[in-house]
Amino acid sequence: MPIVTIQITREGTSPGATAATAEEKAALIQGVSKLLLDVLHKPMDSTFVVIDEVETENWGRGGLPVDRYREQQRARSSE
Amino acid sequence: MPIVTIQITREGTSPGATAATAEEKAALIQGVSKLLLDVLHKPMDSTFVVIDEVETENWGRGGLPVDRYREQQRARSSE
Amino acid sequence: MPIVTIQITREGTSPGATAATAEEKAALIQGVSKLLLDVLHKPMDSTFVVIDEVETENWGRGGLPVDRYREQQRARSSE
Amino acid sequence: MPIVTIQITREGTSPGATAATAEEKAALIQGVSKLLLDVLHKPMDSTFVVIDEVETENWGRGGLPVDRYREQQRARSSE
Amino acid sequence: MPIVTIQITREGTSPGATAATAEEKAALIQGVSKLLLDVLHKPMDSTFVVIDEVETENWGRGGLPVDRYREQQRARSSE
Amino acid sequence: MPIVTIQITREGTSPGATAATAEEKAALIQGVSKLLLDVLHKPMDSTFVVIDEVETENWGRGGLPVDRYREQQRARSSE
């Protein structure tokens, strides 16, 4: 009876989207439940999945909020 | 000094409600703090409780988002 | 289908015990599942409970590891 | 830069094993990172995975520690 | 590659603010990443920080929602 | 009344150490509690800190357990 928590930034991956779509979330839920069935033989019915969407200003990396971290990375790679 | 995290789907239990009410949340906080006092003698003052409300499209079970999982269960039980 | 996480320090409450006993853990699981049934009408079968025992040196309060925090509190109250 | 937390009971799935093996854990890490790449186009390098193994006496379902819950389910299904 | 999760109530600390500001969040991210570099020599680039803002009615202490807990504390200290 | 959770791999940073030392943990607890006081004016007494040490085989990055990920990074940087 596994519990899987998926934390992602709240932002879209397709043009115009501002967050993961319901279809993308369903694909994550389906995929990770299937993975636990395949690897550890856990029945899909007993796997819980929680997707936690985090505002980009609440996510940090490299000591910076993620938007500024990405700008910094782009600036470096174009040097 | 326990920390209790209660994750629930954001939906109502009483007619017309779209989420747990403030009264229901207060009852959860009171009840779980009392439980830790009774079972482990933890002073209520040092127990923290966090209620995390999760959108139904972000909660999965049986490889499906929870709304579709419930439809599936209802369909099965009415077969 | 709630998920409840109970974080406690790993230490005993009864003489000689160095951690919560299996009976105490069972009482926490039973009590919190019953609470979610009573307050939010969640079927007990769909509530998951996870108890997370944390070493005292890994738990901090008041800027101090919990053992030193308690010593400080005792020293203050006996002043 | 997603974070995935996989909580499972500490118990084996293959004969003689008392916990998930290093190979099974590696397969979970590989599979879930690949899933986030496929569904949300997240580079595998920026996905963190944490596997949290929980003792069976610390995991509850149906108001019971998981070992007792399973006994109850088996007893019911053999009625 | 540490992960730091900071849970705070959603409320402002400066006059007129109803939540932590983007600047305050950036200072938390910067400060905690620097702390892990100083104490455990973790490169800042590999530290992830997630700030989780919790509504005050979803946060409990002393068996009460936090707003009522604070009222109670104020009432006691003015006795 | 913030809660800070610090997840790190269980491994030493000083020669011969196989995990963060009690002194290093105390420094993390002190530092992060001070940070919340400085940035958000949270009294240190009401900040809880939990340090969660994760076995390296339970931590993944880049689709690999962390030990293998580091080997891969070293091999790449020496090419």
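We just call them A, B, C, D, E and F in the order they show up, numbering each chain from 1.
Note that in this section contacts are C-beta pairs under 8 Å (C-beta built on N, C-alpha and C of every residue); 3 or more make two chains touch, one makes a residue touch a chain.
Given the structure is predicted, the values throughout are model-derived calculations rather than measurements.
Colleague: Find the chain most remote from chain C, comparing centres computed as mean CA coordinates.
Modeller: Farthest from chain C by mean C-alpha position: A.
Colleague: What angle of turn lays chain A on top of chain E when you fit their CA atoms, given in steps of 5 degrees?
Modeller: Rotating chain A by 120 degrees superposes it on chain E.
Colleague: Would you indicate which option in B-F, B-E or A-C repeats the interface seen between D-F, with over half of the contact pairs matching by residue number?
Modeller: That interface is repeated by B-E.
Colleague: Please compute the C-alpha centroid of chain E, do the same for chain F, then give the distance between them in whole Å.
Modeller: 18
Colleague: Give, as an integer number of Å, the spacing between the C-alpha centres of chain E and chain D.
Modeller: Averaging C-alpha atoms per chain gives centres 30 Å apart.
Colleague: What is the distance in Å between the mean C-alpha positions of chain C and chain F?
Modeller: 23
Colleague: Spell out, as numbers or ranges, the residues of chain D touching 2 or more other chains.
Modeller: As it turns out, chain D has residues touching two or more other chains at 1, 3, 7, 28, 32, 48, 50, 59, 61.
Colleague: Quick one: do these chains touch in a line, a ring, a star, all-to-all (complete), or other?
Modeller: Per interface graph, the chains form some other shape.
Colleague: For this structure, enumerate the chain pairs that meet the touch criterion.
Modeller: Between chains, contact exists in these pairs: A-B, A-C, A-D, A-E, B-C, B-E, B-F, C-D, C-F, D-E, D-F, E-F.
Colleague: So in the complex, the part of chain E that touches chain F is made up of which residues?
Modeller: It comes out as residues 1-9, 13, 20, 24, 27-28, 31-32, 35-36, 38-42, 59, 61, 66.
Colleague: Inside the complex, what are the residues of chain E that reach chain A?
Modeller: Answer in residue numbers: 22, 25-26, 28-30, 32-34, 44-45, 47-53.
Colleague: Taking the touch rule as given, give the residues of chain A at its contact with chain E in the complex, in rising order.
Modeller: 7, 54, 57-65, 68
Colleague: Within the complex, which stretch of chain A touches chain C?
Modeller: Touch list, chain A to chain C: 1, 3, 48, 50.
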